[in-house]
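Here chain A shows up in two complexes: once beside chain B, once beside chain C.
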Partner chain A sequence: MYGTGILKGMGVTIRHLVDSFVDDMRFLGQRYYSDSSMNIRQGTEGRGVFTVQYPDEKLPVPEQFRFIPFLLYENNEDGSTTDRCTSCGICAKVCPPQCIWIERSSDPDTGRPIPEPTNFYIDIDICMNCGYCAEYCPFDAIKMDHDYELASYNRTEAHIFDKARLDKPVEYYASIRPTDYLAEETARAEVIAKKAAKKAAAAAKKAAKKAAAEAN
Partner chain B sequence: MSDKDSSVVLPANEVVSNSIVARFDGEVNSDTREGYEGYIVNANMLPEVASVLKDELGYDYLSSVTGVDYIDEDHIEVVYHADQTTGGKGINIKVQLDRENPVVPTLVPIYPGADFQEREVFDMYGVHFDGHPNLRRILMWDGFHGYPLRKDWQEAYYEEDVKPFDSRWPGGDFKRSEADNPYGKNVNYPPGFDINNWAPETDDSLYESLQKTTSNGKSLHTDSIVVNIGPQHPSTHGVFRMVVALDGETITDLQPVMGYLHRNHEKIGERNTFLQNMPYTDRLDYLCSMSNNFGYALAVEKLMGVDVPERAQYIRVLMAELTRISNHMWAIGFLLNDLGAFQTPALYAIRARELILDVFEATAGSRMMCNYMRFGGLARDFPDKLRGEDTVQFITDLVENRLPKAIDELDHFLTENEIVRSRCIGVGVLPPEKAIAYSAGGPLLRASGVSYDLRTADSYGIYDRFDFDVCTRSNGDVYDRYLIRVDEMRESTRICQQVMRDIPGEGEIFSGKPQYNVRVPAGESYGRVENPKGELGYYVVSTGKTNPYRYHVRAPSFVNLTVLGELCKGHKVADAVVILGSIDIVLGEVDR
Partner chain C sequence: MNNELSNPDIPVPSELQSAVTITSLDKIYNWGRRSSIWPMVFGLACCAIEMICTAASRFDIARFGMEVFRATPRQADLMIVSGTVTKKMVPQIVRLFNQMPEPKYVMAMGACASGGGPFKEGYNVVSGIDKFVPVDVYVPGCPPTPQALLHGLIKLQEKIDGQSLKSVRWYGQETSEAVPVPVLGPDLFDPRQHALLAQQAGQVKENSESVEE
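Entry: the complex of A and B
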């Protein structure tokens, strides 16, 4: 029968119109700009208006979300900072579009390389956000960021991130990826504990040997 | 991947071997190179051999045609993969040609589906297909000089043959590629070319090649005109052009013109390391990155002979099937767009897709460019929480309740809609024989009543463990192509439900140690999956190094377009738009 399709379609529209008013009453004017109502609106029970009032409201991004890498440094107790990066170059080698440039430091006297970068560039126009650098970094020194608002007026300069622009403290990393951070710290602690245990065992063995030798 | 699938060299099929090697004594030889399989055929015998394969041995479906430039051995090889639509392993035959003057007889009369793919090989390698009805460049423009996939051709921003490039580390001498802007220098000119006396190529020859009149002779004596639909046109789903010859408003001939998005994906793939190609596959059919990853992982795993852990297998299937649902929702939504119902049905259709993308984002880290699969497993396991809920619970609820509900809703609003019915039923009919002959794949093929689905025909992953049906419809018109997508979404939710029921609670998701630069044993492999749009195949050749020697993508959208002209003949202009919508193409994959 002709016309049923139109009626059905209009029915959907009307239902949503009504739902949006129901929503208004439910949140009493607090529909937008409040985290609690946004969770409900975006959740499985959401009806009515789905729209997020970006940029005043933002959807939370999941922990695994990846957008443009950054470099990690540790804050030392004396106020100085230590880069985690050892400029081993794995991220630059694994990078599919080859958007990472690393300048390795070298000792000014001997000319031998030292394990830290003098400079580190990422061309974010070329970066394809694949996350390989973070995935294959053996030192957990480069990670993927959550900050996706990178628009700027000058693409030729503003989109080349140098080391100063890329550096972020470990605490920031811990705040955006708590689960990953925890897992990595646990693994690191285990490795250190294992090393310490090995060292202790070796020392004990040595001491025992010495004692045995002295006894003889 | 089960054990039997992962063996690198498959035993040659005895029947085939006996009938073609013995019959064509000396003209057909088994390919005995290490890691290779199939047969090497002398070029002049190719049509005969192909006829025997098709008519006597039942290899009626030509899956892929591609070339490989073996520059050290000084020959170009054209590789054909053929299948039986009744199922089973495919066969490949190869022809070795002289690099200077490569000529091979065309297979278009035997397999019409070879049309565009042969044109692509001509375009990329300069192989001349003798007798091809329309041998013109297909992805590059007509005036382009050189053959981009030949090993001695270099692109405009050429740095080195293979990645990683030396300038990146440890020197770190940063420079923008744009700094040495190749404008004016970014094309090769043929010897003796004079730019001052050059007139741009026109499409006159293309326009003239179109058939201008209908054969029945009953029409009014209207002027025949040629109309370009696209390249910038909302109905073409991207930058794509349909050159249409019209008699009144009736289409007498249609030629698709493509390549506007061509970025030489395959050349990039040959510069990349094996692993680096994975995120690039996301960008092919950017609506289905998960299953693109799947196909490429299968192809390389075949060469490497690695096994995938149980849990990873289940997650792979789950992701591939969720991708199918999200793709079909998109396809149906935009089919309605093409019917003139602008955006409203499309947005309703993709509302549930949003939840699927949430799963991808929380798991893989990106909504569309997932880059999730690795050789031997996956990048990471499910997160604990997804949108504040337990992940497993969220996905179970999604596949048990919310997706079926969304599919039912689409079905409820659209299937009986009188506009959908009157615009779609009987439009663009594709008979089954023609669908097979033109190598149509996926929903396009199954809507014509051919029950051919790689998930059962040449099962990969762990699809053999699940209970699902290969849906078919019998009319082969646009309406059936819509219905088959609804059916397939229902089957996909069934598979997902079984995955969530059977998946091991925990376990490894990657076998072995993650390596950033894997060396892949020498050989060839053709890894393929049933993508939502059809058969997606990766033909990978390795020489034992860290970069693929050849990386070819058999893109379903591209091959499905071969039949577009045939489907549109005799219909109105508005129907051409709908027929294109029902084929469901993504230009990232068509143009590569």
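Entry: the complex of A and C
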């Protein structure tokens, strides 16, 4: 029989339509502007298709969502901040569209380089959100952001992000990517523990040697 | 609508508030325009997929009165340059821009249209459509998500809200000049740069002649 495929396809559309209404009834009075119900409707439990009322309600972005990169700094106990970036320039080298440029600093007296950038620019209208910079950074100093509301009227001023615009605290990173943050922190703690263990072992060996020498 | 349009300086008695709104001509003019921005239907690359998604039911730009994608520039208000602009495509885009009636707006959507993106040094790609037509809103992203595009459209609405009948260029005294259509040759040729290019070519010629002597 002709047309069964069409009917089957239309059936799917009809099912979506009906599901949308049934789901709307389920979330009656609590759907709009609520993150929790948005999460349910977006997930595997969600049925039907609904319109996202964008400026009022926003789709929750996945944790691995990547947009323009940002720089991390750590808040010290005495209120000062430390940049994680050491201006090594690996991110600028791996960047496929070459949208990163770094101003390095050097000691005015000795002329030796200081591992800290004076400025850090990203042209966000060139950036292709690939995330290579975040992947290659050996210091976990540059990460991909979740903020996508960046449209503006001026490209040359508003869309060249400088260090002040890019800097964000580590706590912000921990809040947007908790899984990555936890994994990185565990790995770092392991490395530190390993180093400490190695040092302790070396010290013990030295002490044993010394004791043996004294005994002789 | 009352709150959006009414002038807070002139109070309306509470019993009349449902029937009377006092507003300015600028406000009602901008309100009408901002609520019916008709984009032109053309997509250039992957950003167009996100634009199509924005127009579909999930993000539904009909909520902003922008659902009427026009297939002719004569009826369009907004040109969403969505994607990589190749040198072969630029003359057509500029021609379409010239054919759009005032008031017209241009949005550079995505990295390629704004600044060339990953292809900014490509031999066949224009590094930013703003080199040829005036761009009103730049939306970064590669590609921008539908929500980022909607944010750009809201920004455009804000820009329209800020305009005034007294100063808009399409009611001004001067006639608006058409943007010269670039010529695709051995390399892309921008007619606006003609004098400069001729001068530089002359210098090169002079130098080569002086070397030969």
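One rule holds in what follows: the second predicted complex is superposed on the first by the 172 of 216 C-alpha atoms of A that agree within 3 Å, B and C clash if a C-alpha of one lies under 4 Å from a C-alpha of the other, contacts with A are read in each partner's own complex, and residues count from 1 in each chain.
The definition used in the following text is that a contact is a pair of C-beta atoms (placed from the backbone, for glycine too) under 8 Å apart; a residue touches a chain by one contact, two chains touch by 3 or more.
Since the structure is predicted, the reported quantities are computational estimates derived from the model, not experimental observations.
Novice: Should A:Cys127 be classified as contacting the first partner (chain B), the second (chain C), both, or neither?
Specialist: Second partner only.
Novice: If you stack the two complexes on chain A, which partner ends up touching A:Val52: first (chain B), second (chain C), both, or neither?
Specialist: second
Novice: Should A:Ile68 be classified as contacting the first partner (chain B), the second (chain C), both, or neither?
Specialist: Once the two structures are laid over each other on A, A:Ile68 reaches chain C alone.
Novice: Taking the superposition on A as described, I'd like to know which of chain B and chain C A:Pro96 touches: first, second, both or neither.
Specialist: Both: A:Pro96 reaches chain B and chain C.
Novice: In the three-chain superposition, say which chain, chain B or chain C, touches more residues of chain A.
Specialist: B
Novice: Counting only touches as set out at the top, which of chain B and chain C does A:Ala151 meet: first, second, both, neither?
Specialist: After superposition on chain A, A:Ala151 lies in contact with chain C alone.
Novice: With the two complexes superposed on chain A, say which partner A:Arg104 touches: chain B (first), chain C (second), both, or neither.
Specialist: Only chain B is touched by A:Arg104; chain C is not.
Novice: When the two structures are overlaid on chain A, which partner does A:Pro115 contact: first (chain B), second (chain C), both, or neither?
Specialist: In the superposition, A:Pro115 contacts neither chain B nor chain C.
Novice: Quick check on the superposed pair: does A:Pro178 touch chain B, chain C, both, or neither? Answer first, second, both or neither.
Specialist: A:Pro178 contacts neither chain B nor chain C.
Novice: Intersection of chain A residues contacting chain B with those contacting chain C?
Specialist: Looking at chain A, the two contact sets intersect at 50, 96, 123, 128-130.
Novice: Residues of chain B touching chain A in their complex?
Specialist: Residues 163-165, 167-174, 176, 178, 272-273, 275-280, 344, 348, 351, 358, 361-366, 369, 371, 379-380, 383-384, 386-389, 397, 402, 412-413, 416-420, 514, 516-517.
Novice: Can you list the residues on chain A that touch chain B in the complex?
Specialist: 1-5, 8-9, 12, 39, 42-44, 50, 61-66, 87, 89-90, 92-96, 98, 100-104, 113, 117-121, 123, 128-132, 135-136, 144, 156, 160, 179
Novice: Can you list the residues on chain A that touch chain C in the complex?
Specialist: 49-55, 58-59, 67-68, 96-97, 123-130, 148-155, 159
Novice: In the complex of these two chains, what residues of chain C are touching chain A?
Specialist: Contacts found on chain C: 57-60, 63, 108, 111, 114-120, 128, 130, 135-142, 144-145, 147-148, 150-152, 154-155, 159.
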